[in-house]
Amino acid sequence: MIEHEPASGIFAGYAFGQAYDEMFAGAGRHRPHYAGIHERLCELPIELWRERQRAADMAFVTQGITFTVYGQAEGVERIFPFDLLPRLITAAEWATIERGLVQRITALNLFLRDVYHDGRIFQAGLVPRTLIRQCRHFRPEMVGVQVPHGCYLTVVGTDLVRGPDGRFLVLEDNLRVPSGVSYMLANRQIVKQVYPQLFERYHVRSIDQYPRTLLAHLREIAPEGCTDAKVVVLTPGVFNSAYYEHTFLAHEMAIDLVEGRDLLVHDNTVYAHTTGGLERVDVIYRRVDDDYLDPLTFQNDSTLGVAGLFNAYRAGRVTIANAVGTGVADDKAVYAYVPAIIRFYLSEDPILDNVETYLLDDPRQRAFVLEHLAELVVKPVGESGGYGMLVGPHSTAAQQQEMRDRILAHPRNYIAQPTLALSTAPCLVQDGVEARHVDLRPYVLCGRSITVVPGGLTRVALQRGSLVVNSSQGGGSKDTWVLGA
Amino acid sequence: MLSRVADNLYWMRRYIERADHIARVVGVNVDLVFDRAPADVARLWGRLLSALCAAPAWARVDRGGSGEALTDLMSIDAVASCFAAARENARQIRQHISGDMWEHVNGVHLALNDPARRAAWAEQPHEYFRTVREAAALFDAALNAGLARDEGWLFLQLGLFLERAGGTARLLTCQIREVWPAVGSEHGLDEQLEWICLLRACDALDLYRRRSGAELQQDRILRFLIADPLSPRSLRYALDHTSRALAVLAARVPDQPPIVLASGLTAAIDSAQAEGSDLAALVSAIEAECERIHRTLYETYIDHRRWAAPVAPREAPWTTP
Amino acid sequence: MDYTVTHVTRFQYQGPVHESLMEVRLGPREDGCQTVQSFDLSTTPAATVFRFVDAFGNDVHQFDILPPHQQLIIQTRMQVRTSPTRALPERLDPSAWGALERLHADGQLWDYFEPSPRVPVSLAVAAFVEAYGLVRASDPLTCFRRIVAVVYGGLVYAPASTTVDTPLDSVLQMRRGVCQDFAHVTLAVARAFGIPCRYVSGYFAPTVEQPVAQNLTSHAWVEAWLPGLEWTALDPTHDILVSEHHISVAVGRDYGDAAPTRGVFRGGPAGPLSVLVRIERGAGDASTGEMLFPPPVAASAAPPAGTSSGQ
């Protein structure tokens, strides 16, 4: 550890607590790999940093990198707040993360195939079949359906957190339509644009190959016999909160961005309406939920989908990525079984551990949780975006009572976890640099093989002390640097 | 490219051109009716309404109003709905247009719906005409500077020229019908003024003067507006560019049958004699040809697999107040 | 017994319809109780027909018609041999209840234990059970039989008193319905007692003097899964054992999964729906002769735009 003066100057407001800090091992003692950042923070006046931060904010605005926040009167377009200071991960730390993610996603793919075919893991008594059948995202239509190369998961965003002991843990898997990758790419681009000197002395692994890699994997899972697959991105349209990301990815991959109304199914084949006539579509990277994909098979009032799409999919005439029905594995109750899932299919111990999780369907665990609501985090199993959860230590008695009622009404719908002290990282604030809680969402791409993009979205809880990092609830993000060896 | 994207690009351009046309034409007419006798005023506004295909909508409205009522009631709403439609088209294909283009459409759309600004414009209509015309010009500049000359570009060109040709053709038809032939060769100052205003309405007064001299002769003016191959405001020019765009489109999209301009039309334009009835028929033929190309464009590239009744008619956006 | 069933469905539309996609569940089933000699399906306008097996094991035929049309006719013709009625034991061992509970706890036959869209959990069902003094009998077979008898006695069969969309609670309130409703009520009560059971759609050819019966409709009944017996079929509309006169065609959690046709289209809106079912003993007449449709059924009240529901 490099000795330095005790916390002063711009670090005067930096709070050290129970959480692991990404930059500091203790007051005044920064970690070796942060030396370069630390030096720049010390040598440049805070006004200059603020200026660069403003330039970065303006870059987001002028480039129109937005998302839409719901829960308000009209969908408001917001810029996802960005903090200029990158979050660093050493090569050694990343190696573990990468191996852990490859292992986890491999096991989840095998699990999905098993769930929709033989059900060996149920017969082995390791995962209750009832748990899976109760899951809202289980699709009976997928039973027996062959998926190209057994690849149910093409794009995965697994959320990681670092605990007080410095180890990375898996917080949750996002296996349906994970988003945020456009921010990951935009963050890097904007830091390069606004403060390129920051990269001096660092070998930061690149991430801009993400769109190319995704396209390659999508092509790999094209239907059998298909040469020169036509790949499209299916978006719900301009009113979707992640619309910008859909347009961004389609543009970067140089493929068409389509809506349901641009496609039709004829004789079990999917076509796009183009100026040149009907053009066959082979692979659909869909950002539309299962429910809305096909009014013939799923919700029949959906205008976002394509009638007959699922039948074409079942017949192997088109590939849908991610596969239909993957939500059964990102249910938060199923999450608790993932370590057992890894062991069952791979005969290996998990490289990345889960956060301790209580299943509220189990009477004993439920009793414990209800008694300790004020200390725990309770989450609904099927939601994303941080909605509907209770953060015990930050909640009122009334909120706890409401959650208690909801748990008792539908225990299967909730899980609980200890309040984690997420690791903290330095963020630029008004007068200097302060610690804020962060997590990490790396993106894993699968086709015939698995690629983990070196980096990811580091999400920040922008308010001092807050643990909620989700964009829809006031979080922000940072550029994530995975350092070369 | 996706049919829907082509569709949106095409209509976005048509609506902006239409808005520009309405603002310009109404603005010119406001000047034209200044200090004229009431009977004249009524006749001139009547002619304008025909040219803008707005007569049916106006018939539904109380006629007690004066010219000012027409201006603010009719044109602001009409222009506003053009911009609203253009903005909606643009929004749907946001990723295919530049940021500047979006800004110009969106900015004017918001202004046109701002009650404070509308009130100010009711007092000073020329301010409003200027705002709209500027926005359209900036939009055009951004389009030309910011977009690659790809397939989408061709639909933008077609939208522009088909709309422009249609607008000019209708102005000409109404003018020829009413003002031509005048009795005798001596034309009163008022009639002269009407011809000047026609040129201004087509945004071609300066062009005409530079090409044909200062003398305002009806036959020269008509031939200029119909047949001059070098002036960007003539029907001939619009048809030439339409034809060229169609040819490039056919080459880019070989799976579809090419669309060609009716044979002989260009020759007919070039050899048109300055005689009123022939000219009226010719202009009608040009207008009909533009309609045909529009329909065929749709059938060939956009609607070719859909058999539903057309989406809500995209004709003149006259809303009954 | 050998039967030939001809089933013609005619959709008429008030406006031209295009991009119509349809799934047909009218293929006869090969289960223990019947074998299929032949099955044909044709459409007018013509279309390429594809086959797949759905989540409930039904043979589904699917096709699409893109160009505009104002009516669609689907004709199926099947030759099937039904087995003689299977005799059932008088009762089962009471331990059969435990076997069912274990199956449920293990997540087996999940679809058939749990409530389904048209057979939801309902207070009206509980009231019905109480009103008729139904209790869990000593064994599931006896219980199932008793439920069927009570439903038969408690509901009045009244043609055209309900539509495909009439909710379960309305049926229980009116205490009238058609075979679909008799089946749904039976399913609701049986599931409430922990018996896994499913909806069966098909045809009922009553013993007739003449070899041909026309102007029939689809019929519906119920199958319960019982230990040792597996799928056991009873017909609550007639309070009889399902016999060689029943021809089964599709199964599911309720009508929704087994609907004879399911489709979406653009344009329309939907107009009258006409159905003709003809059942003949034996190999049947190759020509269908004059197909006179019975009076059409009006389109269901306010169907979702661009959706057609089956008869």
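Every chain is named by a letter (A, B and C) in the order it is written, and numbering of its residues begins at 1.
Note that in this section a contact is a pair of C-beta atoms (placed from the backbone, for glycine too) under 8 Å apart; a residue touches a chain by one contact, two chains touch by 3 or more.
None of these values were measured; they are calculated from a predicted model.
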Using each chain's Cα centroid, which is most distant from the centroid of chain A?
B
By count of C-beta pairs in contact, what is the leading chain pair?
A-C
With chain centres taken as the means of their Cα atoms, state the distance from chain A to chain C in Å.
44
Distance between the CA centroids of chain A and chain B (whole Å) is 50
Compute the distance, rounded to whole Å, between the mean C-alpha positions of chain B and chain C.
61
Multi-chain contacts in chain B, i.e. residues touching at least two other chains, fall at 305-306
Counting only residues that touch at least two other chains, what does the list for chain C look like?
66
Going by residue number, chain A touches two or more other chains at 264
Partner chain A, residues of chain C touching it in the complex
19, 21, 23, 48, 50, 52-56, 62, 64, 66, 105-108, 110-111, 114, 262-264, 304-307
Give every residue of chain B touching chain A within the complex, in rising order.
1-4, 6, 91-92, 94-95, 99, 151, 253-256, 301-302, 304-306
Listed in rising order, chain A residues that touch chain B in their complex are 62, 64, 238, 247, 250-251, 256-259, 261-262, 264, 272-278
Chain C-touching residues of chain A, taken from the complex the two chains share
122, 128-133, 140-141, 143-144, 264-268, 295-296, 300-301, 307-308, 311, 314-315
